[in-house]
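Labels run A, B, C and D following the written order; every chain starts at residue 1.
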Amino acid sequence: MSDSAPGTFRYHRTVEVRFRDLDPMGHAHHSLALIYFDVAGRADLTSIDYILAEIVIRYHARTHFPDTLDVAIRATKVGGKSFELEYEVRSGTGELLISGKTVQVMYDYSASASKVIPDDIRERIATYEG
Amino acid sequence: MSDSAPGTFRYHRTVEVRFRDLDPMGHAHHSLALIYFDVAGRADLTSIDYILAEIVIRYHARTHFPDTLDVAIRATKVGGKSFELEYEVRSGTGELLISGKTVQVMYDYSASASKVIPDDIRERIATYEG
Amino acid sequence: MSDSAPGTFRYHRTVEVRFRDLDPMGHAHHSLALIYFDVAGRADLTSIDYILAEIVIRYHARTHFPDTLDVAIRATKVGGKSFELEYEVRSGTGELLISGKTVQVMYDYSASASKVIPDDIRERIATYEG
Amino acid sequence: MSDSAPGTFRYHRTVEVRFRDLDPMGHAHHSLALIYFDVAGRADLTSIDYILAEIVIRYHARTHFPDTLDVAIRATKVGGKSFELEYEVRSGTGELLISGKTVQVMYDYSASASKVIPDDIRERIATYEG
């Protein structure tokens, strides 16, 4: 995932590194990766009833402050009941800092069970595809 | 508030400083004060319909990692529609690190207006008094 | 401080509310106030050797997600050894959400004692004044 | 990794879920996984010069508040220049909530290059093994 060209992600958002993101080493704490991924995906996908099943994160370089990060996101696999999102976080100068993917499983909260991805959601997810 | 003897607070909880609480200076970021206060008050008071109106925080010494803090809390004023809580955060060795107070206003969410503190709540708040 | 007209603050920054800022009530947790204040002041003032002595925060309205906040800051008092900063956080529509002030004391870390504000720092602080 | 019996981890720590860990869904935000892992490993391993290269997290069940979590950690692979740590986070009742692993690469900050794990570090890591 680290070798994707920046151009292959159609969906991008920016996020400002905050002073509070830093840890005693002076770089963004590694847990911030998941908050930066969030920034990219949340506003459009929160209304979807999924649960987060798995996350993989790779750290390529330290995240500094201050900086305006570019967070790119795309849907790479849309299965029957689950879908995968892939992320790349780059510094203001374009350096790849963090990459990762998340696996989401559609979930019926009333039935407490996974469920098939409905067609309209399938379409909404597809807007993240390249 | 900084000159209160530790013994005057009847209600105490402990909270572990986390590595993630630290900022680049190597001490707990000052916003953690409000999370440490939270630790003391939340579990018992969250079901109360209040809004937080004002907070005062005084920093006496740096909060280090690792440490187990003592967070003390007491109700100092219980008015008609509002009540005040006072806090002291001490290090494992008893040094006063942070003190503060919060002013809460009872709130009727359905009417979007402040309201008089009901008697049962008044009693629950009183359990924090010295 | 809540009655200041927006125009009286010369120094403004914007900060994006993050999904992670929210608490179970669906609004930014009250500790975020200090992180939003930070956003405004840090980049220019971190190199100054001060310690944070006191903070006052007033909550006027809930902070929602998503939103782009305006954080305004000004120096209100510059004393011999300390200075005060005042903050206002407004929603994207201009509603006052949070106001506050912080009291900073100049500190000589090598001598472990407060110290007089040097002239060049005094000038840098003055850039925040209205 | 999710099928490990609890008994196979020799090293355990507890961490209190904080109110601030929660997100609008009322469960700990998924980024907290990395802070809970941290709690287990940091105090003993921070002085080791490594960089975090990769993280895998699996979410098995929601983390509730209040709760006292058990965080278990063990070293699963110790290679020439890198080592892997495995984690399990369980609720107070013993339910598996989160599992994961982190890959650390030894790093010589002065030379800006990865380096071979020294023998004393190799031993310290080994204390996490089952």
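One rule holds in what follows: contacts are C-beta pairs under 8 Å (C-beta built on N, C-alpha and C of every residue); 3 or more make two chains touch, one makes a residue touch a chain.
It should be emphasised that the depicted structure is a prediction, and the values quoted were computed from it without experimental measurement.
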Of A-C and C-D, pair with higher C-beta contact tally: A-C
Reference subunit B; chain at largest CA-centroid distance: A
CA centroid of subunit A to CA centroid of subunit C, Å: 31
Chain centre separation (subunit C, subunit D; CA means) in Å: 35
Residues of subunit B touching at least two other chains: 19-20, 29, 31, 35, 38
List of subunit C residues in touch with subunit D within their complex: 19-20, 22-26, 29, 31
Touching residues on subunit A, where the partner in the complex is subunit C: 15-16, 18-20, 35, 38-39, 42-43, 46, 66
Sites on subunit C touched by subunit B in the complex: 30-35, 38, 51-59
